[in-house]
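Below is one structure, written out as structure tokens; comments come after it.
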């Protein structure tokens, strides 16, 4: 029988289901308020060296306030999953916050172009990268969420994406066919922005879920930012709509416009001008430093960033763009 | 030829004609999305459009900027997870995907990861995204891109996304689903398919105004020229009208042509 | 290394992912009306010998009208998945419709007791049974829905349930730990009752989903009965609520009170009197024959069954029971 | 003892006391559900109750008849799939499950499948349902049942649901999650645990009014009697009041005692 191959990439996170079970056993599962501030949540739940997973889709429903705070607090040596990481990757690259990455989609902003700075960071050779595809990262989170150490799949086989991944070829125990085995991915921290949450962490999401149901289950700690806090009764009036349940969640922060400059389905569209400005200033080191100083380092909080970029009037425009497409 | 059109308009029109009524297609932003919209508004009203981030069969009000933005679920049939879209592909429910890439080789393999050494890349690109999955799991891969010897190369630096791999049966032997693979490459010069046995790229149709010599003058590897091949019908006035007025009135995509 | 075990049970359904892919490739994916009648759907889509999966949870959100029609049309040699099969199993047993079963929970009606007749059928030795657990059947459907030939799990190991299953022990390719491999389960036909569907087959479900999202994806053909048909615009106004999308569905039938005597979440509670009557008549062969003649064989359709059991007045009572618990 | 109560009321009360505040428990209909409700209304307001069919943390308006009926999601936190509940268990998030069975052996293995030969059973029972999964995947299995030598037997016909299997480390060696297993058996006679080394059943506490001889007179295998064991405190008036007035006012469960 031909030899089955293993990707040469590194697995950055805990693989042992039993260790993770012990961790989840000891999480506090009482229905208690987890309201806090972005500053406090980042300081308390994200340590240097942690591996983080970011909810949403790069420039859609992203937890921008937390990403800025990570940069502001100067977190270092983070790992992260680049599961269509676009503007989120760009922010973390701006702060030089990470040193390893599970990459499916990085350094680009989809149709908007590529981030010069993020590319520079990844081309420096200082970042350990393991390659995956989008489905592979989705299924790695799903394996973790299900409590199994791997899931089989039929993608990536035969390519260099496999060769530089940490996947393994296996044979199906029933059919004998070749399959890809994807190892579970358990981040230390998930950071997810949602449309609505109660103070306990029960979350509702409008529009696509991307992988956030599974990311929340896969991660040791979960930080939620939400467009608005709602009463627990609202959650209980429509239990079919709860995507993330309270026992997974460690911190809840109400951050209106918290996905800005990203799109927030049902709430506001992306600020394409600001995103293009960001891409543009990356072409000039000096302007980029000033830009970051203005938009992140000098801001005491996320509201200040919003105010500097048009405040209520801009938000009103983005809301109209979303509502009257 | 009474009607003027640019290369982008031509490629979108050809791509749209490849999407038959009743098919299911995963599209990205830009050309693929424009092609799928044009197909829906012409011969394929029952084309089901999916976006890999989770949007299913929206009534697209405008071109999405992200494959995950709220336009991709506007009046949609379902708003779901990336895993669910990929699982639909894996289950065999999806007919087409549309891809591009910095490099493509004679077997339809695509590179969107790095130019140069992997560990010290000259240029880092985004990576697979969903491309590897869609090319692995949907039935037919369509590639749309302008043609050049730099892009059409057998010195591909990294196989991000599988075509027929090393040709012949290599794809199936690697474990990828049976009967899947690259289907058409649509460029500004012509439309290519793949030889049934060797799985190397070969000419199917020449674009209007092109001569057969253009094919290999603009490719780094030899594209097979069969004895018989067709000519692409130029875009009709109706196709151009719908593309310009209804699909991309702001000329976001066709303005690039 | 110790030998890995295989259950001695039989796999009743197609295992090859590529064959199933070919099947799904050729399904009609046009947005066309699939409205039909129960009689027509059973006649057209369920053949003798087919393997069927029944949606809902035994006595909750079950497609009773289709089950009665299967009995009425005298379908034979069916296989079915007993994934908490309670009243649904009891109906099919009454018609002696099946000869094989993937059993997780059969012959009982939960707190109501055991079905004497269903037990007799299963004790006859004429039925091939392969044992599973509820989670195992859920995950078998999920494997099929995902398009992979198996999923790993950590249940059933070490027990006779495993020994009489068709599962296999495997070692995790990453951790080396022992796991259970569960083969994908692809039924020939799924029959599912939902709260709302449009004529194309886009379905909304209130309350628990049980496994119906996965069953619909796993099955070659899908028959939907629905409390009511809604306009496609209603589906499009809340795409997050669509559980089963149209391309999976072959037949749609509006059957108000279609889960009777089962519970329909949000609509009506179960008719416990009628269910107890059913259990009771099974104690007397003659009364049971009369009961089936009255309630199934002599009914030209499901409405006649409802009329014989209290009609509109009874339905009103069950609605009140559900709404004012 | 001034307050009268029956065996069912006693067992429900003892079971409720085993569910500490903040724990997560999967319950079935009947006794387990009554015990969980009683716990919530007494010492464990933060007990999260799950139903295997998909109901999460409802405000139970009445006793469910099915573990999937609409009461199990009434004003709940989530209404989901059976797979998702089982995956929560598999991921280690669930502390307790409650089971019964036609037979239980000294290692806590349960039979709810057949009596007699498997292929020509004397009696066919429902099978595992979710029992095997819950006992495999939650941290601690609680069994509540009246005790008799027929039910407590080492001649168990079929191991539907794993206890400690053949004792010692057998459970972990079979591949089941580390640190899980049978925890307590609550009967009309006493409360049993399992020896830390051999994993055989042993007495923890005697019920009020019982003597130690009752233990093995009502068991088909020898239950270990340690030198020290406790006595169960009888149900308090408050416990009985809540059980009778709030948990099961129609005496659907406690009426069977």
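Per-chain residue numbering starts at 1, and chain names A, B, C and D are given in the order in which the chains are listed.
Heads up, the rule we're going with is that a contact is a pair of C-beta atoms (placed from the backbone, for glycine too) under 8 Å apart; a residue touches a chain by one contact, two chains touch by 3 or more.
Only a predicted model underlies this, so the values are computations on that prediction, with no experimental measurement involved.
Note on interfaces B-C and A-B: more C-beta pairs are in contact across A-B. Here the CA centre of subunit A is 40 Å from the CA centre of subunit D. Computed centre separation for the pair subunit C/subunit D is 28 angstrom, with centres defined by C-alpha atoms. Under the contact definition stated at the top, the residues of subunit C that touch 2 or more other chains are 17, 147-148, 153-154, 177, 179, 206-207, 240.
Within subunit D, residues 73, 79, 89-90, 137, 177 each touch two or more of the remaining chains.
Viewed as a network of touching protein chains, the structure does not reduce to a path, ring, star or complete graph. Contacts between chains, counted with the stated touch criterion, involve the pairs A-B, A-C, A-D, B-C, C-D. By the touch criterion stated above, subunit A contacts subunit C in their complex at residues 11, 15-17, 147-154, 168, 170, 172-175, 177, 179, 181, 183, 205-207, 240-241.
Against subunit A, the residues of subunit B that register as touching in their complex are 28-30, 52-55, 61-62, 65-74, 79-83, 86, 89-90, 109, 113, 118-133, 136-137, 158-162, 165, 170-171, 174-177.
Every residue of subunit B that touches subunit C in the complex is listed here, in rising order: 21-24, 46, 48, 56-59, 73, 75-79, 87-93, 95, 137, 139, 177-179. Residues 56-60, 82-84, 86, 103-108, 110-112, 114, 119, 122-123, 125, 131-136, 138-139, 142, 153-161, 164, 169, 177-180, 206-211, 213-214, 263-266, 269-270, 272, 322, 325 of subunit C touch subunit D in their complex.
On the subunit C side of its complex with subunit B, the touching residues are 17-18, 20-25, 27-32, 145-148, 202, 217, 235-237, 239-240, 242, 245-247.
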